[in-house]
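Residue numbering begins at 1 within each chain, and the chains themselves are lettered A, B, C and D in the order written.
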Amino acid sequence: MSGRQANGGGGAEPTAIRWRRDLHRHPEVGFTEFRTASRVAAHLAGLGWEVRAGAEAISPAHRLNVPPEPELAAAYSRAADSGADPHWLPALRGGNTAVVATLRGARPGPVVGLRADMDALPIHESADPAHLPAREGFRSVHDGVMHACGHDGHVGMAVELAERLSARPPAAGSVTLLFQPAEEGGRGARAMVPAGVADAVDTFLAVHLGLGLPTGTLASSLDGLLANSKLRATFHGVSAHAAMAPHEGRNALLGAAAATLAVHALPRIPGHETRVAVGRVSGGTSSNIVPDRAEVLLETRADEGAVNEDLEARARAALLGAAQTYGLTVDVELIGGVTTARADRPAVELVEAAAAAAGLRLVTPAAELGVASDDATAFMRRVQERGGVASYAGLGAELAAPHHTPRFDFDEAALPLGVDLLEAAVRGALG
Amino acid sequence: MSGRQANGGGGAEPTAIRWRRDLHRHPEVGFTEFRTASRVAAHLAGLGWEVRAGAEAISPAHRLNVPPEPELAAAYSRAADSGADPHWLPALRGGNTAVVATLRGARPGPVVGLRADMDALPIHESADPAHLPAREGFRSVHDGVMHACGHDGHVGMAVELAERLSARPPAAGSVTLLFQPAEEGGRGARAMVPAGVADAVDTFLAVHLGLGLPTGTLASSLDGLLANSKLRATFHGVSAHAAMAPHEGRNALLGAAAATLAVHALPRIPGHETRVAVGRVSGGTSSNIVPDRAEVLLETRADEGAVNEDLEARARAALLGAAQTYGLTVDVELIGGVTTARADRPAVELVEAAAAAAGLRLVTPAAELGVASDDATAFMRRVQERGGVASYAGLGAELAAPHHTPRFDFDEAALPLGVDLLEAAVRGALG
Amino acid sequence: MSGRQANGGGGAEPTAIRWRRDLHRHPEVGFTEFRTASRVAAHLAGLGWEVRAGAEAISPAHRLNVPPEPELAAAYSRAADSGADPHWLPALRGGNTAVVATLRGARPGPVVGLRADMDALPIHESADPAHLPAREGFRSVHDGVMHACGHDGHVGMAVELAERLSARPPAAGSVTLLFQPAEEGGRGARAMVPAGVADAVDTFLAVHLGLGLPTGTLASSLDGLLANSKLRATFHGVSAHAAMAPHEGRNALLGAAAATLAVHALPRIPGHETRVAVGRVSGGTSSNIVPDRAEVLLETRADEGAVNEDLEARARAALLGAAQTYGLTVDVELIGGVTTARADRPAVELVEAAAAAAGLRLVTPAAELGVASDDATAFMRRVQERGGVASYAGLGAELAAPHHTPRFDFDEAALPLGVDLLEAAVRGALG
Amino acid sequence: MSGRQANGGGGAEPTAIRWRRDLHRHPEVGFTEFRTASRVAAHLAGLGWEVRAGAEAISPAHRLNVPPEPELAAAYSRAADSGADPHWLPALRGGNTAVVATLRGARPGPVVGLRADMDALPIHESADPAHLPAREGFRSVHDGVMHACGHDGHVGMAVELAERLSARPPAAGSVTLLFQPAEEGGRGARAMVPAGVADAVDTFLAVHLGLGLPTGTLASSLDGLLANSKLRATFHGVSAHAAMAPHEGRNALLGAAAATLAVHALPRIPGHETRVAVGRVSGGTSSNIVPDRAEVLLETRADEGAVNEDLEARARAALLGAAQTYGLTVDVELIGGVTTARADRPAVELVEAAAAAAGLRLVTPAAELGVASDDATAFMRRVQERGGVASYAGLGAELAAPHHTPRFDFDEAALPLGVDLLEAAVRGALG
């Protein structure tokens, strides 16, 4: 990792890195990005961008799995106390933590849209001094929350790009930065689309850093993005004293256990990348009470939307069957989901030309590197429906540990390279 | 339910009912009975009883499954803010929430020991107006905590008994009231015994109300108490991104699920009442992270200590096997456990004579009514080892809903009857 | 084991032992007792008893779980080749292997009914020389079939009793011996009752040897017999090539596996002896074919008919749920089942008087000794419905290994004692 | 299906179809191909080929999962009674059912090796008149055994090829036909390789018909063959009476059930085709006996040998863990397994040229068509190790139902096309 050297000789720290470190210290999970979004809005408004935030940028009713009100309120207060922008904060109340910023050139022209995702993950960050954020003092100050996927870097790059574009605005056309909440779980983009924020975009780009690609490289199109469906199954049984009347109870955990095994036993589909996972189970209080409630979070993924729908249907059947097996009922709720999208050749070529300008070497990602999901596909599909073109690129950044793990960290040297890439792409698209 | 009529004509509410309702509003789970214990200590000291509290009444090192320090501290603060006695509170800090109070007669003589358990349960109390505590305004003020087993009534009766005995002290001998924390889980009595608080007791009695017996009746001996073992199993796996590298993870929830099914499949033992239950499972954060940790709370019970030990051993083997099946490891910790005890004929006869004096009708509990566990057996065995006698009685009190359920409530008319019983038993034992 | 000495000084081997050893060599499972039943019929007819066999003694339509025709035919041929009685054999064809024999006294009088069950078990008998039947040359000649419950002894005693009664017939009344097939599985008695064979019985007795009771003792009433339900669940899925199209298959074994775990996880019922067991699973052919069919044999038991019905209903729900979980269907068939019955005091007293005459010491069986099931209860209930009295006794016979295991063997010294008991009971009942 | 027309105008039925139908009526599972192999040997010897059979063609000690001796003996007798060749049959006794036949040209030259697999599957063939073999009278005469993968066609083509080559022998070089037993299960080729039968081969070809390819097409190389491991796990518990002493038993079926679920829950491996399947479970006899033994057949597959080895290791760990969970032990035996192989370009080109000569259209198989396994890879790897080249081709033949299902049937018109292909390839290779 060579992040320190990347800053260049004696100069000030680049904006992207400065912002990234600040955000890394203050991670916020999906729909609670109050501090992040309000500061982004304030900064870009200050740079002269036209800023929409809150319900103008996201459709509240289309958000899935919004945290319960007490959690939103607590996160809001915490943000208010730790540097959120007081002007923009109220618009975000209730979890409408989206920001859309547009810079218009003097003359009309094409519209370029770029996505930056802002949310962190519910992971405890490593405190080991070998972990750079711990050693350099920007480890998360919020126990159990961590930027472990690189979204802090995505926002940092977008902010520096905004500064550069403000410094030298395009002559024609416009640029729209889509700062989305809740990428994890596939919940933010799908709710921003109905707010119309991508409707006018002619060329859409999303970039994700890391993904196993070396610093200095670029994968100009990651077509292997997986569709996914995220479900919350709540098993309902009957509570009873486990010693005095176990037969009067119906143990919701038995349904959760059977469902966990059944979901993981869903079949492979030849010729397709698929995934199934139960990621969270919780139910019950103490060993002497038969628990009447258990919650299971699970997901299915596949490299084709239809295959994923098939897996989701099988998972739902398994949940129902597991409930019936143990005399329970179960409610199954879709709490997130993304579809797949394919890149358009013109968009890929634009990115490849920008990579050349930024000095990035083009690479083909290994098959297994492209198997994540990203709800940027909701923007891509919308833009394509309206006649525009889109791509999703992978920006090389060496990793200290895999995405979504407590020691995740990326080579900050990738950030200035990424800003160069984005700037070149925008200027290329706007002619 | 006829609690209101029980108060008699125009007189004031009996102490037992008044205390019961106050405690019901302020329930505290095991080892956090700071408000309860401090108020009991203060009240009895004010009545002239010799009071020991904290580490004089309980051996800190023998406590199992003490809540983590932040929870203890939060409960301590909450108690301090809601009426705990400031003089006695500090002695209880850290969860040493036991109180032992002794009233000595003028002359030496036999020692009678009575147990009152103080802890509540992690249950959300019903807010339905049909639920008496909700309707009458003494529903729990602490969300998720509830006196759902009747321990509030036990303490109420013991406090009123103390008042009566102070008003007319015994001529000879002494009475020791053992206010124990953490009966649920089988953790409090086993830690008070090593503090020596039951060593001098000649006749020990414990009374539990409810248990399916009608108000106005008494079961003079509940020999069917079950031994139990309560275990916490923590499965350790490997975290990974569920889509990018599921094969690099080891999902701790799979072990928890297999163990849940395996524990419930432990065999029946002909000729014995046995129980097995997984009461709580929790693990993981979101569906896209393979969880590296899952916790399972479970218990075994049997009507003989040795049979319970056999079941516990089988459960431990099942936990290890389930871990191995999914490439995990597992730590298994005993977090509570009680043994069985048999009543002594002289103690039973004492109780039966007191029942006659109190106007209670003797009943034989149905087989299925006596199948709970109670760690009063730890006191019983200690007293018996030292040459004393002991019994455990069931006091009739009609129930609105079963023990350990959100609508549990008992007929308060049972409380004055219970105080009469205890007073008669004490005076009977002391001659 | 002292079977050899039991024969008395130098005299010939008692009939009961001689018959027992012959039957032990030629065991026949339920509804294939062709050799056994035909030889019994021939022998008793030769002694002058009035004999009904086949459809006169059993209602073919009421038989559950009759083996498939090819198995019946094979067993029939084998019997024909190994000593079956050619005169009586044809009546039994198709599995109607019941025999009812009556001896009438000169004058009318009460009717005594005795049950003897004839079937063996699908168990491979031990060939170890330490196993008496192996050492003494009467080990099963049919691989995989074994008299491992003592029914060979039951028939032997009934035959010797018939000889003694023929030698000195009762003056008044009559004796009916009910030789039933298929006691294992609870299938024979329930089909003989509709044939009317127990309708005239005034006093009914059934005796089972072994059960953990020492030779020379008698338990005059085993009230703890369990009701049971035996089910065959057949899961239907979809076959597919396991490598080329696993997703097109629905693996019936997954349903069988989930059902196996779920049935074993059915709850304990406080205050009741209950049992649940999956005893057989089979499905599939080779590892590369997704199996479309799996069969599960299971049973529930309880010490009360209603409790057993509750468990059976839960088991059926679990089977349906397990099928649904894995996209399967399931057929569930009742293939056997017995109910409970209580002994009548006059019948118990008759047995106790006979025990005294036979020099047997009365014992109370340990709780765990009476927890088997026996479909003699179908005869008991029928006799009781018609105004008669009934009991079921346990005859002491020390065992080399438990019932239903490959080294099961009993002390043959118990057989002459049993014949003495039965003779005394019959003569006592007939005055 | 146009099999009838394929025979051409008025002429006799081609040898390939005639042999195919005869073999289809007399299917024989792996290592019991006594009739098939002996007739092949006799016929080719009669044509002047140099024939090795039995232990000269296969290494007995390297065979996995040979059927037990009684099954071999029964199959041998059946073959002897139904047209096996009496001269060649004895050499095959004990399951050494391999035949290697060589035709040498006048001059030395390259050696071409072709594989033909002979075994059938344990599947009940459909008797529906809509199923061509049923309608046309060549349905299997052996209940429960069926040529459901097309190996009957493979042998038929090889035999007709032998006739054609005998009729017009190559001038130089030689042809070796490798008639292998037990392709299903991956057991035959791996045992023929140590007998040296492929050591001299310069160019090796294997052809499989069907696979979803239309009649008249050819896939010249199926590189997607999967490696696999086939395991037999035998769980050992303790038998007991399920009602009297369930706690003394250890139910082997519980281990089998838990293992079945665990094997199916093995993780997906990103970037790889993998498979897991439990295809057979059997254990126990009746519901009232706790079964002490249960057998599970399972397999893992992957598109890389190393990935399959990883899955196999995980499956073995799961089996051990499942056993431990329920107090059992387990023996795990490898009963079959194939590795992967890659085609060599010269061999592929040879096949493609032959296809052109035979009028077959080249197609690229869909990804999901190539995901079977075939132990021809053992021959391929051996030939490649010795410096030769190899390929494995798919011959189009429309199917009535998928491979390994009861209504499987293929378009016989493919057979003459296949013989044309093979003849062209052989003559092409020998110049």
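We adopt the following convention: a residue touches a chain if its C-beta (ideal position, glycine included) is under 8 Å from a C-beta of that chain, and two chains touch if they have at least 3 such contacts.
The chain lineup, named per UniProt: A, B, C, D = Amidohydrolase.
This one's a predicted model, so the numbers in the text were calculated from it and none came from an experiment.
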item: Shortest contact path, subunit A (Amidohydrolase) to subunit C (Amidohydrolase), counted in steps; value: 1
item: Farthest chain (mean CA position) relative to subunit A (Amidohydrolase); value: C
item: Rounded Å distance between subunit A (Amidohydrolase) and subunit D (Amidohydrolase), as computed from the means of their C-alpha atoms; value: 48
item: Cα-centroid distance, subunit B (Amidohydrolase) relative to subunit D (Amidohydrolase), in whole angstrom; value: 67
item: In subunit B (Amidohydrolase), residues with contacts to at least two other chains; value: 243-246, 254, 258, 261-262, 264-265, 268, 270, 275, 368, 371
item: Of all residues in subunit A (Amidohydrolase), those that touch subunit C (Amidohydrolase) in their complex; value: 243-247, 249, 254, 258-259, 261-262, 265, 267-270, 310, 314, 317-318, 320-327
item: Touch list for subunit D (Amidohydrolase) against partner subunit A (Amidohydrolase), complex; value: 261-262, 264-265, 268, 270-271, 273-276, 366-368, 371
item: Touching residues on subunit D (Amidohydrolase), where the partner in the complex is subunit C (Amidohydrolase); value: 121-123, 184-185, 226, 228, 230-231, 239-246, 248, 251, 253-254, 256-258, 260-261, 264, 275, 277-291, 294, 297-299, 301, 368-369, 371-373, 402-406
